[in-house]
Amino acid sequence: MPKKPSAGNTRPRALLEKIYKTAKTIRVFESEGIKLYRRGLIRGYFHPYLGQEAIATGACTALKEGDYIASTHRGHGHCIAQGAEIKKMVAELLQKKTGYCKGYGGSMHIADIAKGNLGANGIVGAGTPLGVGAALASQIRGSDAVTVTFTSDGASNNGTFLEGLNLAAIWNLNFILVIENNQYAVSTTIEESTRETELYKRGESLGVPSRRVDGNDPLAVYDAIEDCAKLCREGKGPFLIEAVTYRHTGHHVNDPGSYMPDEKKKYYAERDPVNRARQYLLDMTDLTEAQIAAFDAEIEQEFADAVTFAEASGEVSVEEFKEFLETY
Amino acid sequence: MPKKPSAGNTRPRALLEKIYKTAKTIRVFESEGIKLYRRGLIRGYFHPYLGQEAIATGACTALKEGDYIASTHRGHGHCIAQGAEIKKMVAELLQKKTGYCKGYGGSMHIADIAKGNLGANGIVGAGTPLGVGAALASQIRGSDAVTVTFTSDGASNNGTFLEGLNLAAIWNLNFILVIENNQYAVSTTIEESTRETELYKRGESLGVPSRRVDGNDPLAVYDAIEDCAKLCREGKGPFLIEAVTYRHTGHHVNDPGSYMPDEKKKYYAERDPVNRARQYLLDMTDLTEAQIAAFDAEIEQEFADAVTFAEASGEVSVEEFKEFLETY
Amino acid sequence: MADREIMYRDALREAIDEEMAANAQVFIIGEGIAERGGSYKVTEGLLAKYGKKRVRDTPIAEAGMIGVGVGAAIAGARPIVEILYVDFAMLGMEMIVNQAAKFRLMTGGTGRVPFIMRTQGGTGGGVAAQHSQSLEALFYHIPGLKVVMPSTPYDAKGLLKYALRQDDPVMFLEHKHLYMTKGMVPEGEYVIEFGKADIKREGSDVTLIAWSNMVPRAMAAAAELAKDGISVEVVDPRTLSPLDTGTILASVAKTKRVVIVQEAVRRGGVASDIASIIQEQAFYDLDAPITIVAGLNTPIPFNLELEKASVPQVPDVVAAVRKVLHHDIPMAAE
Amino acid sequence: MADREIMYRDALREAIDEEMAANAQVFIIGEGIAERGGSYKVTEGLLAKYGKKRVRDTPIAEAGMIGVGVGAAIAGARPIVEILYVDFAMLGMEMIVNQAAKFRLMTGGTGRVPFIMRTQGGTGGGVAAQHSQSLEALFYHIPGLKVVMPSTPYDAKGLLKYALRQDDPVMFLEHKHLYMTKGMVPEGEYVIEFGKADIKREGSDVTLIAWSNMVPRAMAAAAELAKDGISVEVVDPRTLSPLDTGTILASVAKTKRVVIVQEAVRRGGVASDIASIIQEQAFYDLDAPITIVAGLNTPIPFNLELEKASVPQVPDVVAAVRKVLHHDIPMAAE
């Protein structure tokens, strides 16, 4: 499945740099976030995006300002790729008033409406109709904005998949459904969940042009979304992209993932999306290892600063909460 | 689309007779029922099955005792084909205590559990998971019973379609989903409801063997269901059959169906399922027109007797109702 | 400008029409609402006026329609999603309860969801158990949802216009029996704010609280009781959430006796909640227990007589008022 | 046979295990319940014992799972459908409300639906707005559904066993905080009939009604109040539908004062309904308004302190009891 970048040595450095930095930022956010979780600083669910960075990175990088995304319970990566401020994300995880949702939402509900991110979601599958709705709003107001909903193999067995995508299709919306097929829903394998594991076929059966891409290759995802987004803006939407990938960890921080076979982990580790983004930089630009190491350091520093910021922040008080509720 | 019976002149007379009588009984029930409705004897919704008789008839005739069906809001035909007593059906429509549901249910809720009919349903799409449930119950108790859910083009855009059929597929249930594609949901055409009007493809996208048949040909439906039911009993279920058809009337008794183009009505009238069943009798058996006319007379008499029976029946009293509610 | 007598369904149409004309973000989707003008003709003519982009027919996909409406609202549009029967809204409960109602809080107040679900409930015409429910209590219990139940053309128009201008998800619950009822509606522009009960009839002996299709029944009961010199105050909350407890408590302070009538089943209904509030906040005002006249604890039967027996009729309301009026302090009481 | 102290989750497992052993029609489906033994380990070991036919993992398809369960029940099986969070049951509301609850009436009593949905609700652990709801009121309002909310291992086992032997759809609502709590459970066979409240602590000054995870808090409050000589009777209805009004009214007749505590939001909750019943049926027994201690009118926030503030804590219950006890008849009252 891993393939060479589609167009040889021809990508602009700015693009490759952005892709690398985004993927790496997600990697750092998740790895360091897990440490914060283990230190007891984060409560609730934490579903790491480790291993799937290519998808959010490739997809969001291909979008324009004004476009929308709708995300999942595994939403940190999408949020970062869509341009969120790391410190506001960390503050949210730490339940602080300076967080994206003032600590009301947490990991599963971070939204960044200013950036067009309609939010993570605690309900598997919900992002599909929500994203279609954003695409519908765009069409009604005559905007050519595109909406990408990130969804999952598990969600493709849920009724929201059929209903949402079918509505997008009959209305020719600027909508792209990205199925992140990481081959598991918690510990349930995709083979146990459906007979037809080529999920993109479900899109075809609704008359939606659909295809599979290597979900560990940020450029493959970028190309697919760029292509679909362009076609959307020409009135040819919607599209479905199935991006095949694999988690590096268990389902959430407390899941050891013992059901994940070593060979598969190894196979995908060899196709690590962050490494791949890095290799693209080395292969296609003049950037040196040292320069990339400097990027890394910057990214790590940004995260460290975010933690400092978040820890120094206060929480919404019960009084403020009750005051807010008076208008609820 | 209309095709000759698959196997020439080789069908047993008993089968053809049963098919004709069933289709004709449905035809009479609906035509006469509409008259009762117009006379004000029936309240609520009445969705005639006129024009679709081949489907219920062909399908239920192919089933065995102990098999289940789940039906729709357009459910009289399924109920009759599954062996219901006409008088209890008429009594139900007339709100009488002697009806299948003692007058509590009405047209949209007639069930005949003894005959394996899990009931009509006022919620479009609900029959799919319900039927899958019956198939699951059968599998768990080691029975080889088959369940047929009759569903509709409209319902195929509802989440229940995906969720129900997918569960049947992963569990290899003895389940057959029959989509009665009459090309409308009320006045909304199938082309307005979906881009891919070949609905059977949705089954394929879930790994379920699926095909289209002529829904106006009772033998084509019979053959398809007999075949699928046999394969189900060999552990090869589930299956999906899309039966293409057309209503003779509007959506319900009070819908003039003015949106239905004359050419289409004419096309399907020429392929009238009851006529077709009748022609099979004439072509493949020794039965004479006169003998068939005698069947018709019998069927009409049965309906007339049913009306007499129903009209003479009493209603559940408010006191009896309240007593029943004490256990509810 | 003059008042005219128009039907409830026309009042609703005017509200949608005026707000669509005023705000390009307003649009409407539903089954058979465009070409066919809707099952109750509320949307008739809107397609011709506003075009296919803003007036759309949908497939039978209630969860999807509601979800799409919620998503469009989050993205800044003002969708109206028409669901044919409130019973079918159960298919979209997830989107209503977990998404629409919670988004504002979950985003710390930054996200808003100006989503309107228009639908209708109640008994009528023998449409049986799956097309006759009164489910307002389900929405009423969910923080973040506004629940609106107009009983007259005037209220219907004013409340729907207001709904289309505020920023929270609204369950706009009409009644199948009311669409063809008539009432006076001004020609000119007006809106009715949420949380303002309307005293549909003033009175001094008993407070009779009713909403939606129970208001005409309450009014009929009040008229009948007036013949016996009993003065009934009919309070129509119009919006259940927010609930105008001020007006209710003021009326109770005056009458000391309360009957609440709802078409929904008694158990766990909104009437119980209103009763619980009154007894908690006006305990010493009450001269008799608050009486609830409500639907029986049953799905609605198809049979006409049983259907009627399942929901409050005028004589039931009359009897309940007489009962609370003639309520005597039992001998054995302290 | 002796009693043992076991956990709530173990009691649930024993109930399922024993009933699966006794009745081949009983089966269970859910997400991760087979191989993984369930998120709360309730179903651990059942796959090995009863095999893949009767213990099945499902895809993420709550509407489908619930629908399939209802269909299987109609066809005579006894399905248990485990839904991970009650919040997700909203996806299957149509099947619960329109199919499971109504089938018996719609068929004139001939059809039965012995369908059990096991799920869990309530706050705990920062799982935020879409994983923390207490939604019993939604099911309570629907005629035809039984609503069961056990607070102890003993009740959990006895009620679940009973549920698996009766013939109506049951919403079996567990609490995420209770799974690892312990209690005495006999070794031997027993069932607990629906509609029998349990007096968890006898007392004479105030009736404190609580269910599910509010029972331990009510007990803690009662213990604290006892230190001040206040005698609190804690009544746990155990099943909300059917509701044992007899036991409740008998307690009220004795104490004359009532506090009801629920984790769910105040508005439109079951507590309101119970209050409305008590005030209607025991008006002259009451020496003070019935006080409800309930969740705030809000989706549950992620932040720990705000989460805690959103639902009743022991001090809230203590304060409410003191309030109804020291309730003085206001000077101005008649």
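Letters A, B, C and D mark the chains in the order given here, with residues in each chain numbered from 1 onward.
The rule we apply is simple: a contact is a pair of C-beta atoms (placed from the backbone, for glycine too) under 8 Å apart; a residue touches a chain by one contact, two chains touch by 3 or more.
Not measured: the values here are computed from a predicted model.
Interface comparison, A-C versus B-C: the pair with the greater number of contacting C-beta pairs is A-C.
Using the mean of the Cα atoms as each chain's centre, the chain most removed from subunit C is A. Chain centres here are Cα averages; for subunit A and subunit C they lie 41 Å apart. Rounded to whole angstrom, the centroid-to-centroid distance between subunit A and subunit D, based on C-alpha atoms, equals 37 Å.
Computed from the mean C-alpha positions, the centre of subunit C lies at a distance of 30 Å from the centre of subunit D. Each of residues 101, 103-105, 109, 121-123, 157-160, 162-163, 166, 170, 192-194, 316, 328 in subunit B touches at least two other chains.
Looking at subunit D, one finds that residues 59, 61, 63-64, 87-88, 91, 94, 98, 105-106, 128-130, 143-144, 296-298, 301 touch two or more other chains. Across the complex, subunit A meets subunit C through its residues 68, 70, 99-105, 109, 111, 113, 118-119, 121-123, 126, 128-134, 136-141, 159-160, 162-164, 166-167, 170-171, 316, 324, 328. Across the interface of their complex, subunit D is touched by residues 63, 87-88, 90-91, 93-94, 96-98, 101-102, 105-106, 128-130, 133, 135, 137-138, 140-141, 143-144, 241, 264-265, 267-273, 275-277, 279-281, 283-284, 286, 288-292, 296-299, 301, 329-330, 333-334 of subunit C. The part of subunit D that touches subunit B in the complex is made up of residues 24-25, 27, 53-54, 56, 58-59, 61, 63-77, 79, 94-95, 98-99, 103-111, 143-144.
Looking at the complex, you find that subunit B touches subunit C at residues 43-45, 95, 101, 103-106, 108-109, 121-125, 154-155, 157-159, 185-188, 192-194, 259, 315-318, 321-322, 325, 328.
Residue ranges on subunit D touching subunit A, taken from their complex, read 31-32, 35-36, 57, 59-64, 87-88, 91, 125-131, 296-298, 301-306, 309.
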